[in-house]
Every structure is written in structure tokens, then in C-alpha cells.
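Look for chain A in each of the two complexes below; its partner is chain B in the first and chain C in the second.
Presenting the complex of A and B:
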């Protein structure tokens, strides 16, 4: 187990380097002027562009730039944005809100998704099963921003149940609807995955044994069936934490939440790449690390899986 | 031969083992034949097929559905609500929402289909190569795939498109569509590469591949005649669902202002143009959004029907 963890950690290094390199390369090196639009309606004077290129190190060779970026990242120096505001302080303000939103979304996914999946899996072909299958199909085909605008309009504009946008404080009750929106797609996947897993395990020998032993229905389902069926679901929930973060870009933008996603949304609209690069890098790191943790957790949860 | 039953096939096969290739193909119960038999009994398949045909006709001949010009704007009618004259009302520029929604189908479907095609070609090819040749080629392709997978979808697209075609710029119609298609394919290929790779790895050690190799078939012949046809099922299922999700992704990117943009007519652009007018004219946004969702639903349903039919576990 220890050796496996170390090997996985080592394998992560080239992927992290590669991904961050791709991000850096794409943002700074692809055709397109990173300083276009910084001088209002007229094109920027050459002296300004030269000064800015020097300030952000764009006059140096590509690999030197990348090396400097890595060095700064490791020493926690994220630099300042084009307006001279520290990127680290902006991140510090935004993180707690996004983490709150993501945790709430994961909680919704787990509770509603697993609940619906278990109910429909236990009574395969029944009424609840059909309802769940249809509603997950429905959720899967609604792009996340359509769900967001629909709920914002129905609940916020028409029924006045919620405020259409979230205040700066972003308290838990305010975040309920955005978190539901953020969770909607994965909720559907979770429900389907749970259902398949339950249906498969219902036919397994250990469940038959448990029933034959005369255990109560509740015990068979709660102890024997659920524990084994939820392993793939937990894996899914874990690996999707990272993509949840990038889904937050849309949700936070629509509901005007000042989290990481909202920061990125505004940076993209303002073409401020000094924010885009560190934020994107951090999101990628979260994504990769959560994947790694899930892989390691897998072995703990399911003793049948051997690493060596 | 009209529709032979399984028993007849068996008898025929036993009677005449040296039948000509044509007869053999006819009497075989192939995977595709089985799939079709299952598919045609599924209601969800027929529903999605009908919806698919409607959308395809809409994309090919939009003038069958509307006589109005989607570009014709009457500013006096800006944001007018749906009426008998204009079923879906008018948008911000006073253009007919129904006409624009119909004409939007073409762009969205073209982007979805072409991006999926590019993904399948790129991912399928790299996956087959990685699995067939293995060793260092496999390692390199898999690692590169992981690097792109490490980039969450929306994020990756934002980074690339935000640089190549920033929000305020206006590249040409064909150019921006090409860029969006390339970006979608670039970020989508690793998943398909993995599917193709694992399918080929499974098929690689089957007896028929060993036999082909023993008979002296080269790598090209083995890959194209033996491995690919037998690995096609999972790729096909994934591709169908991917068309739907790419159509949704295109709209998402357009919404962010970095995907397609005017003068292209697409559902994503219509939604992006009217997202700030939710209070005064929700119709200008929700009708295109509804068509978009229906179109995604069509491909998701079709993909699921095909998957259920191809998946032997559920039989």
C-alpha cells in the first residue's frame, strides 16, 4: 500500500508538469496578444507592450518562463494581476466560498443521488425506478447553465422564493439553489451508478446467503448490499470533485458568487491572464489530487483490490 | 433470405460449411443483427430516432419550418412576447425567435457531429496504436492523454479559446466554428483513446487475431480488418452520447463569450445574447434553450438505447 502510494505520487509529477506546461503555453504563447484591449479602444503603444512583456517575463525563452512559474508557484508567490492586486489575496477571499459551494453540491449528490439510486435499484422496473430513470435522463440532457437560468427565473424572478443572485457573504441558505444546480448533472450520474451497482449486487451470492440466513431485510440491504454497492459510487463522487470545480465557473458566474469560478469568469471576460494561469493551475492540482486520494481510498474500502 | 431464425442458421451452417462468403454473412447472426433485433423493440429508440430525423431535417432544410428570414430585424418589435404572428416572439434586435431557433439547429448539429468525428478519429487512432504496439508508444500516448484529462473540460476550453479567440475579437464565421470544433476534439480525445485502447487490448489476444498473425497478416490488415470492427461497439455508443454533450458544450462556450459568436446563428449565441434580459423577455432565451436541451436529449437517448442493445449483461 505504501509503495503503491509513493509510485502513484511519482506518476503524478509528470502529469502535473505536463498539464501546467500546457496551460502556460496556451495562455502565453498561442497567437493572440495578451495585452490587447488593455488600452481601451486604441491599440497599445509599443513602449507599453515592451514594458509589460518585460514585467511578466515574456521576453525570456519559453522554458525559462515555465521554470520561473514553477519556482514562484512552489514558493507561494502568485504575483499580482494586471491591476497590481495580489493574486494570492484574491484567491484567499474566493476559496472559502467555492469550498462551501462544492461541499454542499457533493452532499446533495450523495444524499439525493444515492437515495434515488437505491430506491430504484431495489425495485427494478417499478414505478420509482421508471421515475428515476426518466428524471435522470432529463437532468443529463439539460446543460448546467440551462438548469441555472431556469431555476433563477422560476424561483427568483417569478416566485420570489430566492434572491436571483447571491450576496457577497454567500451564506449557506443562499447557496442551496446554486449548489443544487452545480450538483444536478453528477446527481443523475450518481443515481444511475448506484442503481446499476445495486442491481448487480442483488444477484450476488453473499446477498443470497444473507437472505438465506434469515437476516432481516433492513440488515441485508443496509449492511451487506449497500456497503459493497457504494464503492464505485464513492469513487465517482471523489473523482468528480475536480470537475465540480470547473463546473463552478458557470454556476458562480450566473449566480454572481464571488468564488474561484467567479474570479476566473471575470478574469476571462477582462482577459487578465495573470489570474487565469494560477487559478487554472490550482484547479488542476485539486482535480489530480482528489483523483489520487480516491484511488488510494479504493483499496481501503475494498479489500479485494490488491495493489502489487 | 428474408428473416431466418437462429435454428435455421445453425442447420444451414452445419449443412454447408464451405458456403460462399456472401451466404455465410447472410446466415450469421452478427452483433449488429442482434443489436438491431433488440433496438427495434425498444420504444425509446423509435422516439429518439424520430426526434433525430426531425432535427436533421431542420438542420438541412430550415426553410421547411419557417418562411421568415432569421436575419431580418425590426427594432420596433424588440423583445415582443410570443403571439399568433410570431410563435416564439421577437428577440432583442426584433428578429423572429422561432426562425432563429430553427436556423440555429444547423450550426449546433454541425459543430456537435464534426467535433465528435474529429474526437473519434484522433482518439480511436491513438488508442488503437497505443494498444497494438504497446511498450513506449503506449506509455507516451497514455501520459499525454492524462495531461489533457487533467485539464477539466470547461477550464481547458476557456484557456485555449480565451487566448486564440478572446471575448471581444471577431474571427470569421467558418474560422470560429473550426476553432471550436478543434478545441472540443482536443479536450475530448483522451476518453475515446482509453475506450478504444481497452477494447483493442481485449481483442488483441483473441484467437482470431493470433490466427491472422500466423497467416502472415501485417499490422495494418490486423488493425483495420480485425481489431477495429470488433472494437467498434463501445466507440459507437460513446460517440453518440458525445454528440449530445458537445452540442451542450458548444452552447456553454458561446455563453461564456469565447465560443461561436454573431453573425453565426446558434442556440448558444441566442442564449448568451439574452441572458441579461431574463426579467423582461425570458422567451428569447428559453425557447432556444429548450430546443438545445431536446437535441441533447435526442442523442443521449439514442446512445443509451444503442448501449442497452449492445451490452450483453442486460440481455
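Presenting the complex of A and C:
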């Protein structure tokens, strides 16, 4: 298992190099000059464009730029963005908020989704099963922004249960509603996935054996059934962590959460690659590591899976 | 300073009714409920966005930074929030006999927030710094009219893309700037400019304190200023805090202790906060709230309905035989656009049709410069189209109007396209269509390289409230924003005559004549001028919106509970 983990970690290196190169290349290939649109209907002064290009190394060939990027990344020097503000400090401000929001959302998805899935899977065709099927159908058919605006308007503006937007501190209680919104869609996915998996495994040999051995119902479900049924769910939640870390642009925008999504959105619009590239790089890392963790967890959950 | 005759900022002011009975006046006894949470701290919260550059007035050209910079810097001249007329601010007097040599005298006793006095040298140094090309300031071109500009600001011979570099300027001092004494300086222009006084209210003409020159980069993040408010703190992407400047000498003092410029990514979020009174002011009511005038129901007497100095036009690439058409073609297109219906249906009357190339709220505005060519008249449009064709112009089968997809232009351009196509009829032999470039930067890139295949939407936001600002930068031969490369010697001559006229009234009359000349060639089609929709919370009162569409920071006050 240890060797497997190390091998996987080493595999990350070429993947990170490859993806960052592609990201750099693509940003470079984008049409339009990042400084041409910054002066509205007037053209920007030439001296400004030249100075900015020089400052950000846009006048260098692609490979030199990529080399500089790697060098800066390894020394932890992310420099400043086109607005002259430190990239590291912006990421430092935004990322903890996004991580908090993402973890809360995944926790909601896991607890509510798996709970509902198990309950409905065990009593297939029963009342709870019908309730879960119907409510997940409802959630699946609602786009995120509808849920978000609806909750903001009803709870925030009409009932004053919450504030319509989140403050700069973005504390855990403030993030509950946004996290629920963010989780709503995937909560339904998780519930359905868990349900299917449970229903399938209920008929499997090892469950029949466990029951025949005379194990308590609790132990059959908790240890034998659930652990095996969670594998597809875990795969789903693992990638979910990755995509939530990249920021939920819509939800962040609606609740005015100053997370990574908004930062990335603004940077992409302004073609500010000084932010886009580091964020994308970090996201690649998050994806790779969360995938690795999921793979390792398979072995913990299902004893039949071995890593040599 | 003349008070502008035509300036009709009729509704820029919204005095909020204080008449809630429970809030009774003088007693100071707030009996139960209605306590104003803003009263204790004296802080108000207004909608903001992250400035692209810091607090260096010569290096700002976008509204996020411009708005907050105007709170903290005073200029020689300021614009009246009600009439848009320029009034002296830091200047005691601005005098000239020939519009070429200007003597500017500062008021005495003006101070920077670090205690140092505001001197003539501060102005001259700041202007020199901004104009000097190696400093790469965005506002450098504003000093192009001052004598010696070509010596401090050199052009890259082959543009920023070419391999050559701009030569180092001979000097870093503008020859036309001269400090006379501590409070007086003289500006010599290359040619007489009648609106120079009005221009001085633009933020690029601010002064900079000694502290700036020691550390320009640090200063941009933490400035020393001279305006009604002073800088306190900037949390990037989240808020900027300014507080009332106790030394501010102006006759009208700030009425609140602190303003928090709270950044929102989404107009809807700001609006939700406004409706629930968490935010005290926003000048961006989202389209979802404008639809069906929902915002007026939501906000009641907290809604502010006004106008701002922004107009929308469609610009023709007159340099292109294929897409520029001829004058009759352009006139026909103008006649085929039903401005009234579009502003009513698409913008909910949030914009008003214009009949000329100048915003109706500025000095020198005269209605009807476009004659009857800017009024919907499908019969005449068809007639002129036939004439244009008989003169030898064949429009391409598909004629695009370009816009940028990152703005909200799709709806009105499609409506415009429909209006034109309907007016010309199915047998016109060609069709107008709407096309998008993904971003504003890409659109501008193609436009400035003069490679656009079609016409494009243009919006002009005034830099200062004067008719001149809507003509010179857009239609003079070789002007900085003359996208269509329009050139008309007579017009140039008329504009020059107006620029050099010494009597302001005469200058305005000449500008109006110049504007009317645009009718002959119609290089751009005027569409409508922007309205302004803003709103306040129930905690504040007296809020005025400037002709630039932003909050007048001196006007906002906290309601007494």
C-alpha cells in the first residue's frame, strides 16, 4: 500500500508538468490582447501596453514564460496580478473560504445523501423510498441558481432568517444556506447512487451469508452492506471535492462570497493569467490528490481490493 | 462658470421622504422601534467593485477605481451634482485671456491628509509624472494639449507589437507647465482650447503629494489624499473603507463618518442586500428587477430614477467600401431603427431615444442635431436605401452588428436588427444580423486594427460634461476613439474653430454647428442615452447621484431615528 501510494505520487509529477504547460499554452493562445480592452472605447497608451507586457513577461517566447512560471511556482513567488495586487495574498484570502464552503457542502451531501439513500434502499418501495425518490427528482430538476435565488429571497429578504449575503468573514453559520444550495443537486445524486448500490448488494452472496450466520441486522447493514455499497458513492464524492474546490461561481456570486470562483471568474474575464494559471495548477493538484485518496480508500472499504 | 441651460438632471436628485410619523422630529426620543443601526457608527455601505489600478488618479480609467478615487481626491474643478456645471473646487481662480495660457491659482490653506499643504508644485509634479511616457500611466494622453508633450511622451515607432522600442523622452518636464509661486501655476497649451477649464475636473488632473514620489507603488495601495474623504483600508476583492476628512475645507462637509465601498460580484446580490437594508446605496439595479418596474415596487420612495452622460451609438467603418456603405445607406439604417419602441420594450424606458450625437445632460447640448434622420420612418428608409443602391452601393447579403458577449447587448441589438429588417422589407436583398465577439477586449482588438467585417455597437461615457467631449475624441480626423476612421475636413475646421473660440457661448454654438454637420455623413448612428436607476436603504437620506452615474459622497446622510 505504501509503495503504491509513492508510485502514484511520483506519477503526479509528469501530469502536473503536462497540465500546467497546456494551461500556459492555452492562455497564451487566447485571442485578444489582455491590455487592449482595459481602456474602454479608447486605445490604451502604447507606453502602458509596452510596460505591462514587459512587467509580466508577455514579450518573451512561450517556453521562457513557462520556465519562469515553474521557477516562481517552486520558489513560492506568485508575483502580482495585472492590478498589481499580490496573487498569493488573494489566493490566501479566497481559498480558505472556498475550502470551508466545499467541505460543508460535501458533508451535507454525504450525510443527507447517503442517509436518505440507505433508508430508501433498505425499504425498497416503501413510504420513505417514495419520498426520497420524489424529493430527489424535484432537486435534480431545479438548477442551482433557482434554488439559490429562491432561498435568498425567501429566507433573506422576506423572512429575515438569514442575511441575503455573506459577510467577508464567511463564518460557518453564514455558509450553511449557501452550502446547502451547493449540495442540493449532488445530494440527490448521492442519494440515488447509494440507493441503487444498496439495493443491488442486498441480493449479493456475502449479505445472504452474513444474515445466515445470524449476525445482527445492524452489523449486516453497517459493516457488510454499507462498506461495499459506498464505493461508487465515494468515487462521486471524491471528484465532487475537486470540482467544489474550484469555486462555485454561481453560488458565490449570488451570496457574494469572496471565494476562489469569483476570483477566477474576474481573472478569466480580464484575461489575467497571473491568477488563472496558479489557480488552475492548484486545482489540478487538488483533483489528483483527491483521486489518489479515493483510490486508497477503496482498499479500506473493500477488503477484496489490494494494492501491491 | 455658466449654469448649463439644457442640463436637465431632472431626477438625479431624490430627496427621500422623511415623513414616517413614528420617527417624529426634534424631540430626540425615539419611541420604540425604528432605531437606525447606522446612527451609532456613522457608517454607510455602498456597492463597489475592485479597482483595476490603485489610488493614483493619473492611472485610472475604469469606474470601479474612478468612483472611489473621486471620494478621496479633490480636483481644481468639480461638477455640480444637479446641473453638471463645472465649479471651482481647489482652485481659487482659473483665468485666461486667449484660452491658450491659463493661470491657475489655488485656494490657500488646503491640506493633504498627511498635513502637508497642497501647492502649485504638487499639481505640476503630478501632471509631469503622468505625462512622462516611461511612467506608463493610463491617463498620459490627457496632457497631449499642453506644450512640450511630444518631448516627454514618445511613441513606439512600430506600436507595442513591433520589435522597436520607444525612444527615451528628451525631458520629464512639460514645457507648458510653470510654477509661479506656492499657490499659482501657469499652463500653456499648444493651441487654444475653450473647454480646458471644464476638463480640469477629470480625475487625471488631480494633484499628487510629495509622499507619492517617494514610493509610487506603495502609495497606490495606501494613498495620501486631499478630498472630502480619506483612505482608511483596502481589503482586496472585499471592501475599501474611507472616512470623513476633518480638514476638508469645502463648503459642504461629509455628513457621514465612514463609507464602506463593499464589493459585489453580482448585481443581484447587491440588490437583495439593498432591499433588505443591508446596503445603503447601489447604482446598478439588475435587469431582473428592472423588468416590469419591479424595483419601483420593491423600493418605493427609495428608488432613484435619473440620467447619466452615456450614449449608445452604432459606428460604421467608413473606411471600408463593403461595410461602410455610403451616406444614404447609413441614413436609411438610422431611419429604420424604431428607437422609441426598443427603449420602451427592451429597457423599460430606462433609456431615452436621442436626436443627436451628444448626451442631453451636458453643457452645450442642443436638441435635434440629427434632424429627422433619427426618427423611425420606414417609408423614407426604403426610399433612401433605393437611392443608396442607385448610387452604386450593394450591401453584402448578411450585414452584422457586432457586440461583445460579456456585456448585456444581445437583446437590444437583436431588436434593432429586427427593426431594420422589417423596415427594409424582405425584398431588400440583404439582412442585418447580430454577431458577438466573446469579450470586450477581443472586439476592441479587431476594431482598433480596422478589420471588423460589419458595424459595431459603441457606447460613449463622458469624461467631463461638455458637448466637446462627445465630438472631438470621436469624429475628428485621427482622433483617439474614431473607430470608423471618419474624416471630414469641414468638420475638422469647425471643431477647430470651436476649440479656439474665446467666448464659451460662441464655442458652444460652434460645437453645435459641428454636431449638426454629422448629419450629412452619419458616420455613427445615435440610438439612446442611458438612464440611471439607483436605490437607497431606509437608513439614509438626501442621496444625490452625479451626472456620471455614481453617488455624490457629500450628499449621503444618515436618517435621524
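The definition used in the following text is that the second predicted complex is superposed on the first by the 285 of 308 C-alpha atoms of A that agree within 3 Å, B and C clash if a C-alpha of one lies under 4 Å from a C-alpha of the other, contacts with A are read in each partner's own complex, and residues count from 1 in each chain.
In the analysis below, contacts are C-beta pairs under 8 Å (C-beta built on N, C-alpha and C of every residue); 3 or more make two chains touch, one makes a residue touch a chain.
No experiment lies behind these values; they were computed from the predicted model shown.
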| item | value |
| --- | --- |
| Partners on chain A (chain B, chain C) - clash or fit | clash |
| Touched partner set for A:92, first chain B, second chain C, both or neither | neither |
| Which of chain B and chain C A:157 touches, first, second, both or neither | both |
| First, second, both or neither for A:45, with chain B first and chain C second | second |
| Chain B versus chain C as contact partner of A:256, first or second or both or neither | second |
| Partner chain in contact with A:149 - chain B first, chain C second, else both or neither | both |
| First, second, both or neither for A:126, with chain B first and chain C second | neither |
| Contacts of A:138 with chain B and chain C, given as first, second, both or neither | first |
| Which of chain B and chain C A:222 touches, first, second, both or neither | neither |
| Superposition clash, chain C against chain B - the stretch among 4-12, 166-174, 328-336 or 436-444 that is involved | 436-444 |
| Chain B and chain C contact sites that coincide on chain A, given as residue numbers | 31-32, 34, 36-37, 149, 152-153, 157, 164, 253-254, 265, 269, 271 |
| Residues of chain C that touch chain A when the two form their complex | 50-54, 61-62, 133-138, 140-141, 153-156, 159-160, 165-166, 217, 220-221, 235-239, 263-266, 268-270, 272-273, 275-276, 278, 406, 439-445, 448, 458-461, 473, 480-481, 483 |
| Of all residues in chain A, those that touch chain C in their complex | 31-34, 36-53, 82-85, 89-90, 93-94, 149, 152-153, 156-157, 160, 163-165, 168, 252-256, 258, 262-263, 265-266, 269-271 |
| Chain A-facing residues of chain B, complex | 143-144, 146-148, 150-155, 158-160, 162-169, 244, 248, 251-252, 255-258, 271, 275, 278-279, 282, 285-286, 289, 292-294, 296-297, 300-301, 304 |
| Residues of chain A touching chain B in the complex | 14-16, 18-19, 22-23, 26-27, 30-32, 34, 36-37, 137-138, 140-146, 149-150, 152-153, 157, 164, 242-243, 245-247, 249-250, 253-254, 264-265, 268-269, 271, 273, 276, 280, 283-284, 287-288 |
